[in-house]
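Here come two complexes built around chain A, the first alongside chain B, the second alongside chain C.
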Partner chain A sequence: MLSVQDLTVSVITGKTPLDITRNVSFELNKGEILGVVGESGCGKSMTALAIMGLLPKTTIAVRSGRVLLDDQEITHLEPHQRVDAGLSGISMIFQEPMTSLNPVMQIGDQIIEALLVHDRGNMRAPAARAKKLLDLVHIPDAAMQLKAYPHELSGGMRQRVMIAIALACNPQVLIADEPTTALDVTIQAEILSLLKELCEELSMAVLFITHNLGVVAQLADRVSVMYAGQIVETASVEVLFEHPVHPYTHGLFSCLPDPTKRSEPLQPIPGQAPLITEITDGCAFAPRCKFKTSACLSGSIDWTGISNGHKTRCHHPLKEQK
Partner chain B sequence: MLYNFLTSYTMRRIGSAIITMMSASVIIFAFIHLIPGDPIYVMLGDGATPDQVKDMQIRLGLDKPVYIQYLLWLYQVLQGDLGTSLFFQIPVLSVIADGAETSLLLASITMVWVLLIGIPIGMLAATRQGTLTDQAASGLAMFFASVPTFWVGLYLILFFAAWLGWLPSSGYPSIFGDGGLANLRYLLLPSLALAAPNAALILRLTRASMLDVSRQDYVRTARAKGIRPWQVTVKHIFRNALLAVVAAFGFTLAALISEAVVTETVFALPGVGRLVVQSILRRDYPVIQGVILVTVILYLGINLLVDLINRYLDPRVELE
Partner chain C sequence: MSSETILDVAGLRTTFHVKRANKKYALKAVDNVSFHLDKGEILGFVGETGCGKTTVGRSIIKLTKPEGGVVTFGGNNILNLTGRRLREVRLKVRMVFQDPYASLNPRRRIADSVAEAGDIHKLFNSPQDRLKQIAETLKRVGLDPSFADRFPHELSGGQRQRVGIARALLPIPGIIIADEPVSALDVSIQAQILNLLLDLRKRLNLAIIFISHDLSVVGQICDRIAVMYLGRVVEIGEAEELFNRPLHPYTQALIHAVPKPNPRLRIGKGMALGEPPSRFELKPGCTYADRCPLAEGVCLTDVPEIKTVKNAQMAACHKL
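Now for the complex of A and B:
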């Protein structure tokens, strides 16, 4: 349904474009939840904004690659142009629920605004439909809350409102960019189970961006691991957690505290992820990798298939079990 | 219900305005006592006889204890009695009323210019950030914000009055007399001169706060909905940027009042500003005191209004 092909997003203000992401590709099918994991700055949000058509276009742009929704190209279209072309099937919720709602507008109006754009045939009783959406995201006392202003709601409630606004756009795909990072743990769990529920009820696909492997394990069907602007490994959740093959993915798991092995020290990956200005030919992870060979230092690293649906960009995928 | 209203923002804001007004009244009352030397001699001149001095003291109530003087003065002021002009020998209030038509019209027309020029061009500059339009608008605004009002006034007179001869350069006959509303043309150049620095200020502020707001997360949310770009600009960016602009109105007003004095002098307008200048030269202290009082009331009133408008525009405002 959503197909992202070789997406390269670049900063275009300098003399030569600076790539933030390189050749990001993935498919997302109906009703599926794809988790995208990667550390801060690896380009997750920029990928999401590029798919949405929301890049700050004077500074950052899609340099190559395509985004297809149901085989229709939507790469360079902004959301309102997608509405005009009848191709608006992607909604997004953001990391900061506290600042993502207009502070001087009642939340009912903010939902209705989206409803009116996306349901031209059905303009009647938008308030009633906004209330239904608030019910759907489990906001208690929905009729009252339509009149509330954002500052009267808690962070968790605001994120629910954001989800309601996203749903008002009738999405086939929902992009959730670290939607729970700013919330405390109990609220996090509620929002996650809400997303899972909606995904099943509305058979909506979800692109779930996070740097939290635990959340991915809970929620996602498949996972893509990103490193320095590239996807380096993709697999189903079970396979990836059972048998990660890219040294970086493996390193991520070694950083996780494991309650059954409390005596063993955590093993952080030595070194640091490169800045986008430092990326050179070859594998971006090579400087930190203990398996690197001279082959890793030049050219681009192609996909190696491991098993059905499991692949990695690595010349030396790990063989042994985790 | 009543309790809610009494503790509401509006009531508390009005309450604080009244308190400010009372404090201001003490200072304005004290004004007559702050004049260096004996005010009576200053007013009457050195050649005054003891009888004249005694008479004046009684007229001004200066023979009574200060707090009684204050209460009496306050009592009179509340009844609309601001004393008698030493120069005109008529009530101060009617001296001020004579200049009020000119000054209020001048201020109103100026405000219209400020809003009509400052806000739309500020919006335009922000939406075209970095383009030639933006640079031209911002450059002109920078220029007009930094040159003095009288300079702008003199050039307007030179160009439109002396050279082109399109508009009168001085004076203002009442619109209620001969000529009627057409007399407003006398206020065109003065109001433009007075508007120039203030419109420039509002323009820069509108532009800056539009740019600031357009970087906010909620603007991205609005764009994500797929609504039209102009709707994003008006309903989300402008609506929020307006808060900073409205809040600055109070300051603009203060600048306007002091610049009006200069402008009325440059254009020889029979307004309150010129009245102040003349009254200072004539040592007509009751008139000066009266003008200050009226100005302070107007200033506080308009600031109160601005705050209430802001309260209406911004649901988050709470009085600390």
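Now for the complex of A and C:
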């Protein structure tokens, strides 16, 4: 359904372009939830903005690679061109709903605004459809809440409104960029179960971006781990959590706090992730990796297949069980 | 109070007077909170946004002025101290803040930020002594002394938080109040800072009040945990017991809602807790009654007092 092929997003203001993401490829199938995990600055949000066609273009742009929606290329289409071409099947929700919603506009009108953009203004009874969308995301008293302003709603309710707006175009693909990071755990659990439910009911595909491995384990079908602009490991969620093979993925697991294993000290990954200006030839993780050999320091690291659907960009994938 | 107790807090109350829509409200941010802290102990405070955990930390050293209660430290009630004597206490009870970007002055060199408390209290004998102490403190938090001449923007998030901790360690305090010290950091860096705090506790016999919304982090590093809900401590006890056998229905729900990094342990449906009630107009009775599946009769009329339920574990619930 959504296919991303060798996507390279770069800062193009300097003499030489600086790559933020390098050769990111993945497929997203109908009704599937793909989790993209990685730390700050690894390029996960930039990948999402590139897919949405929301990059600033004059400073940061797609330098190579393609984004296909239902086999049609949308890589360089502006958002309004996508609507004209009927290729507006991708929606996105963001981390902090309060900064995405208009604070001086009733939420009903904000939903109708999205409906009108996609229905070219010739729609009947927009308010009724807006109410239906609020029902879909389980906002109680939907008819009354249409008149509410964002500040009158709690964080969890605002994120539900954002999801309702994202659903206005009947998307095939929903990109969720850290949608629960600003929420308390109890509310997070509710939003996650809502996303799961919508994904099943509307057979919508979800690209779920997060830094939280726990959230990925709860929600995703497949997981891609990103490091310094590249996907370094992809597998089904069960396989990745039982048997991570990339040293970075493995390192992420060993530094997760686990209250059931208090006696074992945390094992942090030494050093820190490189800045995009510091990435050199070879494996970007090599400076922090205890398994590196001379082969890791030059050339590009290709995919190594581990098992069906499980692959990694590493010369020395780990063998033992976690 | 045992001889090992370094800080004892009894009946701490902090109220904010706020005005909303032309109506005045008395928001009880901290309501009758009592606990003690032993030497070399890490006590965690967890809870959702707005539960008062940060206000507890700030009230202890009067960064926010409490309305009532007794905070005993070194034989004095901190809340009665003012001026120079209060500043001296603040030299022994230090804060580490959440966001190392916001809590370091971007125009001051690291050395000046780290030495600020020493400069104010005239703790350095000579400029050489000052440099020596700065270098020692930086080494203590795992930073090279050459960082002293740098500015905050030259440092990564993890390094900045190390500076935040270094600043609290010069001179060596008895207690550190760490308010969400790892929330702004990535997991791999977070683990480095947590290990540093554990290591400092061991080497310097520091007592730490560790405030966080992240149950896994608190469960990993704290000896005891206090769970807060709308200004009250609803449960307090040994970390391991509290995590494995939570007593209060809120603690149970909170631990259940933490997404476990294991796809085989997925949270089922039907655990919906709903939204917390308004903090401005609290109903009588237990503050958790609105969301509690066990609430009935007495829960809606009387506020439950915190009581010992088993061994060292205390909870505030009528149903226990």
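The working rule: the second predicted complex is superposed on the first by the 316 of 322 C-alpha atoms of A that agree within 3 Å, B and C clash if a C-alpha of one lies under 4 Å from a C-alpha of the other, contacts with A are read in each partner's own complex, and residues count from 1 in each chain.
The working rule: a residue touches a chain if its C-beta (ideal position, glycine included) is under 8 Å from a C-beta of that chain, and two chains touch if they have at least 3 such contacts.
Keep in mind the model is a prediction, meaning the values are calculated, not measured.
Colleague: Once both complexes are superposed via chain A, do chain B and chain C end up clashing or fitting?
Modeller: Aligned through their shared chain, the two binders fit side by side on chain A.
Colleague: Looking at the overlay, does A:Val104 come into contact with chain B only (first), chain C only (second), both, or neither?
Modeller: In the superposition, A:Val104 contacts chain B only.
Colleague: Is A:Asp119 in contact with chain B, with chain C, with both, or with neither (first, second, both, neither)?
Modeller: Neither partner.
Colleague: Residues of chain A touched by chain B versus by chain C: which partner has the larger set?
Modeller: It is C that touches the greater number of chain A residues.
Colleague: Name the contact category of A:Met92: first (chain B only), second (chain C only), both, or neither.
Modeller: Only chain B; A:Met92 stays clear of chain C.
Colleague: Quick one: classify A:His80 as touching chain B (first), chain C (second), both or neither.
Modeller: A:His80 sits against chain B, while chain C stays out of touch.
Colleague: Give one of first, second, both or neither to describe whether A:Glu27 is in contact with chain B, with chain C, with both, or with none.
Modeller: Neither partner.
Colleague: Contacts for A:His151 in the overlay, against chain B (first) and chain C (second): which applies, first, second, both or neither?
Modeller: The first partner, chain B, only.
Colleague: In whole Å, how close do chain B and chain C get at the C-alpha level once superposed?
Modeller: Minimum over all C-alpha pairs of chain B and chain C: 8 Å.
Colleague: Based on the A-chain superposition described above, do chain B and chain C contact any of the same residues on chain A, and if so which?
Modeller: Common interface on chain A, chain B vs chain C: nothing in common.
Colleague: Note which residues of chain A are touching chain C in the complex, please.
Modeller: 39-40, 154-157, 184-190, 192-193, 211-218, 220, 237-238, 241, 251-253, 255-260, 262, 265-269, 272-273
Colleague: Please give the residue numbers of chain C that touch chain A in the complex, ascending.
Modeller: 48-49, 156-158, 186-192, 194-195, 198, 213-221, 239-240, 243-244, 253-254, 257-267, 269, 271-273, 275
Colleague: Would you tell me which residues of chain A are touching chain B in their complex?
Modeller: 52, 54, 78-80, 82-83, 88, 91-92, 94, 96, 99-105, 113-114, 117-118, 149, 151, 162, 165, 168-169
Colleague: Can you list the residues on chain B that touch chain A in the complex?
Modeller: Where chain B meets chain A, its residues are 216-218, 220-229, 235-236, 239-240, 243, 313-316.
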